[in-house]
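Provided herewith is a single structure, encoded as structure tokens, for subsequent inquiry.
All chains are identified by letter, namely A, B, C and D, in their written order; residue positions are counted from 1 within each chain.
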Amino acid sequence: MPANSFGELFKITTFGESHGHSVGVIVDGVPPHLPIDISYIQKEMNRRKPGQSEVTTPRKESDNVHIASGVFEGRATGTPIMLVLHNQDHDSSAYDNLKDVFRPGHADFTYTAKYGIRDFRGSGRSSGRETAGRVAAGAIAKHFLSTFGITITAYTKSIGDIHCETIDFDVIEKNMVRACDPEAAKRMEAYVLSLKEKKESCGGVIECLVQGLPPGIGEPVFDKLDALLAHAVLSVGATKGIEFGSGFEAARMVGSEHNDSLRKQGFVSNNAGGILGGISNGQDLLFRTAVKPTSSIEQEQETVDRFKNEQTILVKGRHDPCICPRIVPVIEAMTALVLADCMKRQHALHCNKEGYNVQNT
Amino acid sequence: MPANSFGELFKITTFGESHGHSVGVIVDGVPPHLPIDISYIQKEMNRRKPGQSEVTTPRKESDNVHIASGVFEGRATGTPIMLVLHNQDHDSSAYDNLKDVFRPGHADFTYTAKYGIRDFRGSGRSSGRETAGRVAAGAIAKHFLSTFGITITAYTKSIGDIHCETIDFDVIEKNMVRACDPEAAKRMEAYVLSLKEKKESCGGVIECLVQGLPPGIGEPVFDKLDALLAHAVLSVGATKGIEFGSGFEAARMVGSEHNDSLRKQGFVSNNAGGILGGISNGQDLLFRTAVKPTSSIEQEQETVDRFKNEQTILVKGRHDPCICPRIVPVIEAMTALVLADCMKRQHALHCNKEGYNVQNT
Amino acid sequence: MPANSFGELFKITTFGESHGHSVGVIVDGVPPHLPIDISYIQKEMNRRKPGQSEVTTPRKESDNVHIASGVFEGRATGTPIMLVLHNQDHDSSAYDNLKDVFRPGHADFTYTAKYGIRDFRGSGRSSGRETAGRVAAGAIAKHFLSTFGITITAYTKSIGDIHCETIDFDVIEKNMVRACDPEAAKRMEAYVLSLKEKKESCGGVIECLVQGLPPGIGEPVFDKLDALLAHAVLSVGATKGIEFGSGFEAARMVGSEHNDSLRKQGFVSNNAGGILGGISNGQDLLFRTAVKPTSSIEQEQETVDRFKNEQTILVKGRHDPCICPRIVPVIEAMTALVLADCMKRQHALHCNKEGYNVQNT
Amino acid sequence: MPANSFGELFKITTFGESHGHSVGVIVDGVPPHLPIDISYIQKEMNRRKPGQSEVTTPRKESDNVHIASGVFEGRATGTPIMLVLHNQDHDSSAYDNLKDVFRPGHADFTYTAKYGIRDFRGSGRSSGRETAGRVAAGAIAKHFLSTFGITITAYTKSIGDIHCETIDFDVIEKNMVRACDPEAAKRMEAYVLSLKEKKESCGGVIECLVQGLPPGIGEPVFDKLDALLAHAVLSVGATKGIEFGSGFEAARMVGSEHNDSLRKQGFVSNNAGGILGGISNGQDLLFRTAVKPTSSIEQEQETVDRFKNEQTILVKGRHDPCICPRIVPVIEAMTALVLADCMKRQHALHCNKEGYNVQNT
């Protein structure tokens, strides 16, 4: 089954390549009557778009999103909502020298291995531009979740060896790297700019915090909440791992230390990260994602072409020295899509006569 | 959509609770003519079953697997294969005191929140016993993959602060913790037994290595190979995270360090962990999973019951002080199910007249 | 994607062959708390089983159904319900002569073409026995629907040239052919018995009437209610067509005649058969299914074997001279499964904060 | 699960309303390297578009189709192909009087019942315009099938009481009603024009013939070929029934008459309509679809509005007196989508090492 759709009851299908006619998404399953605000969607798009700051690529794309269907007089009608972004005229000739050669760290080699044919202009379908549709759809999901009081906040937790010590939501959108600690943010910015000068790149860790999620969300045994989030997040390019709550640290702990006790007022700790047995427990949901250094660096690298000739390649262009700040809204969008889907699935589970809704906590 | 099925073209559906009539699985999509060897399936079941050693629960379950359909004269017929394990008579009365109280670290609280009703005997559907069906189905997937020369080997990489330094496949099945380093294995065994004495438990890290996987496997943009494996692995109880290749370490590296160069003879390093852009690149596939300490410990713990009364609970019983050795075959099984599915999906992609098969590397 | 599952939110997966170990079904998505009554399920099984009367095959199968999972203290737990029927000892040697030869009207030829291997004993997976699992699952769906006041009644409308003139629900279960008109039923019985004597068989038309279905059920644009019912019904063996409301007669009508007017008290006619634009309109839902004559007749027939040699075949055995009375409960079951699924899908559509349920008529 | 997608391995998702920004489709699963010819797709669009002749609506829509993604240098890349048709400026004010009133025979009432909100302009999502995306996607499916030598031909078989006696492929595109018999076509045209004058409409029967389909296609037990085709065809507006081969006539036949014998040179008759046990048998595939009279007629009709007030309505506008000729390409498209999907599913079934392709007839 082809894999350009994601979700069951709140379901998206994306299309488009970096240098094609347009990119976009069909969102199916949006509850009728939900207000759809194009300016809110555009605002999310702007958090993802290139050229926001000195630490992102200076490419300029307007990233204007349009609604093509499914909305009538400002509200969802229950029919598919198509959101489209028209690509601007690119000079694709700049990519001609990449037609047959595989850039290290990129999907050039594997797309050729899989499909035998690829649109090599601007990475084609494997371009980060594909995530534009995800963010647009995620904005609708976020708004849907907000009606339940659920909020999603992601931020850069570490870059290189610089770690955030505090979590201050107010500073995230005010620093170039979208870090949650203003002091660490400054050091991160300096570090990234120094790498940029050296035509080098770096990775980092992004943390995502969900507040207001009710208990009971997630679908055992295969679509546990953590399993779905891991699927969603690792479907984003450049991610290398994910961990929930105590995460890899749990491997070093003992049982009495790791188990979260329960008292009248709730759980006394949160090693679980808000999920037990694949179902939300009402605490904050917390996970972290590892992001690798941007593969595109303007340095000579050794590689081969599709005829297996060894080559030295220098990828010119305007690349992100650190992709973390632009991945933050993508992680939020994928999280929102999973949660919107799971809220609907939990609702569907309890279909019955009495008001069609029996929650049984 | 209910979530007791997994996979698209090689698809399983599991059923059963710990203390019910039986547990099992329907495997749909097994290629007709594939030999099905019940003794091979049973051998895999035995690696998962309780009572294997001093570091696993001493419960005795025969775990005999039966084929109920889909196999004729030793071969798959292309129709669904049902595999069933009959539960033995349990004394469920031992669980009566757990009817209303939530064990810390377990899914008792969240199952109640989600369903409003639960079979509390032996953890019911959230019991590790549910994985029996996965391992049975995984055995068929493994055999299918072996016809392509693909092998899957998981092993305990670390427990507590003890790490394997070497990877020796030959020792894995010869030590109680299924570690890949005979020297570390001894120290791990001693550590786990000392915790057992203290009625304590521990977690660890399991690594999984896939060899012989051809390039081109995995389905962008949403069913990337790493995304599917993360989904599969995090749907297993007790897992807290997953990382591929360089994993969380990638967050500390720079681009020139992380990119794997290509030469005539292949990639010169494997930070990618065998996956680029969500598609296998022909190298070894490598990932690690964090496992939390077993939640069941025979110690007094603080909790509440479903009426929100605070309680002190002491869970008697025979529990695994370290679940790692029994999770190893489950991780292998889930990996096999993902890869079998993806092999079929790549095959389906290239359907055409000329022999119905054009691979285009 | 293998096709032994049906439904999205109320989903079944069947397994089993005629002469294998067992047949059965996993039902996933049953709302937690729904009472599950094994005696009601068994009662439905008995309507489908062979040996009920002189016009069905005299084969005796006890068809006892067992619950293997998903039910606790008489209620669904929201986890998969597995229902199993163990096959009785069959003398499969009777089928040895059918190993290589294709019975006219049966799936022998096409199963061989598709799979290259088949369990030829008692038609294997293509046996009518496969529908046992559907009827068992359908019983649960029917019970679920009954909580909304929805009832499903199917009956034989015509056999050969004999047509029912009246619809009397009370007589359906009291005549051998499950006709809805007592007078026609007698003539049908006599007709079928006369064919039985001649070692001949016949088909008929089955009508299905759904009462109490609320408006708004069905999922445009691809899962319209009529489309799903057609899919469901034509997945049952021996069916050759389906029509809704005016059906094929509509092809001969003009617009002013066919359109159902609306008045305060509702629609004034029902050419629509209860469905407009793929969505239920609150009227009775009505459709008819064509059933072909049973393929198994104890007469010499011309055919070929798998080596393309021409053969004359005489299929001995105890066959149904008219399958209609036994297909009636299968049609009801498939209808129930579609409607249960669609009720849940409509419920899922309107997920929102205010009680999780806004119906907006 | 929302239902604007269709197919498993060759999968489409449609979007768009009659008077919105655009309508279109994403086609996922097109084999890489398949040539994509926009002029061929446009040619199919032109067979569906309004204003073709005196018996169709005189509305003029250019129906120009554009490729937005998934095609590179004239070939499919294996990534999703988005096809879009921009709607032209409509005067939607003409529909203002239909805002609250339900046109008889239309989906106005049921869309309101289901969603509680609807885009009433030009029937919105329930407009026949939605089929434009299906026809565009079907054109790609048809081309894919043609590489296997499979052809699909639909035609009007009867209108009112006028039936085609011969089947002449050459005349279908040469008469206004797309009938297969030139003599009957003339009488049908005269009949439709006479109804048009009376502001009346009519229905008909469309037959579809598939040639060149290999045996083995179709997926028991739930996705039998006839079940999938029935699902596909009944998801098209205005259809009321479907029958395969002997169809409803089978209900009047006896077994020895209905069974198709087999000889060395093949089947000697085709009551099966090319399908046995839900799988193609290598004969011509043949089915018929009932089409109701167009609901839009320029006559006074009795109805109610959403406040349950009785109304008399006169729907002005330019409507199709007989929709059959425009449904012919839609039936072909839906058939092509089902067959393309099933060809891929059969291919996927036989995935194995030896050339990845073992057909076993």
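One rule holds in what follows: a residue touches a chain if its C-beta (ideal position, glycine included) is under 8 Å from a C-beta of that chain, and two chains touch if they have at least 3 such contacts.
On a predicted model such as this, the values are computed, not experimentally measured, just so you know.
Ranking A-C and A-D by contacting C-beta pairs places A-D first.
Because subunit A and subunit B share one sequence, their contact can be compared position by position; here over half of the interface residue numbers appear on both sides. With centres defined as mean CA coordinates, subunit B is found 26 Å away from subunit A.
Note on chain placement: the centre of subunit A and the centre of subunit C lie 45 Å apart, centres being C-alpha means. For the pair subunit A and subunit D, the distance between C-alpha centroids works out to 38 Å.
The set of subunit A residues that touch two or more partner chains comprises 1-2, 4-5, 8-9, 14, 29, 32-33, 78-79, 114-117, 125, 220, 345, 349-350, 358-360. If you check the complex, the residues on subunit A that touch subunit C are 1, 8-9, 29, 31-34, 78-79, 147-148, 220, 343-345, 347-353, 355-360.
Residues of subunit C touching subunit B in their complex: 1-2, 4-5, 8-9, 11, 13-17, 20-24, 26, 28-29, 32-33, 66-70, 72, 75, 77-82, 84, 114-119, 124-125.
Residues 1-6, 8-9, 14, 102, 104-107, 109-117, 125-126, 130, 158-161, 195, 200-205, 215-224, 226-228, 230-235, 237, 239-264, 268, 271-273, 275-282, 290-297, 299, 301-304, 308, 310, 345-346, 349-350, 358-361 of subunit B are the ones that touch subunit A when the two sit in their complex.
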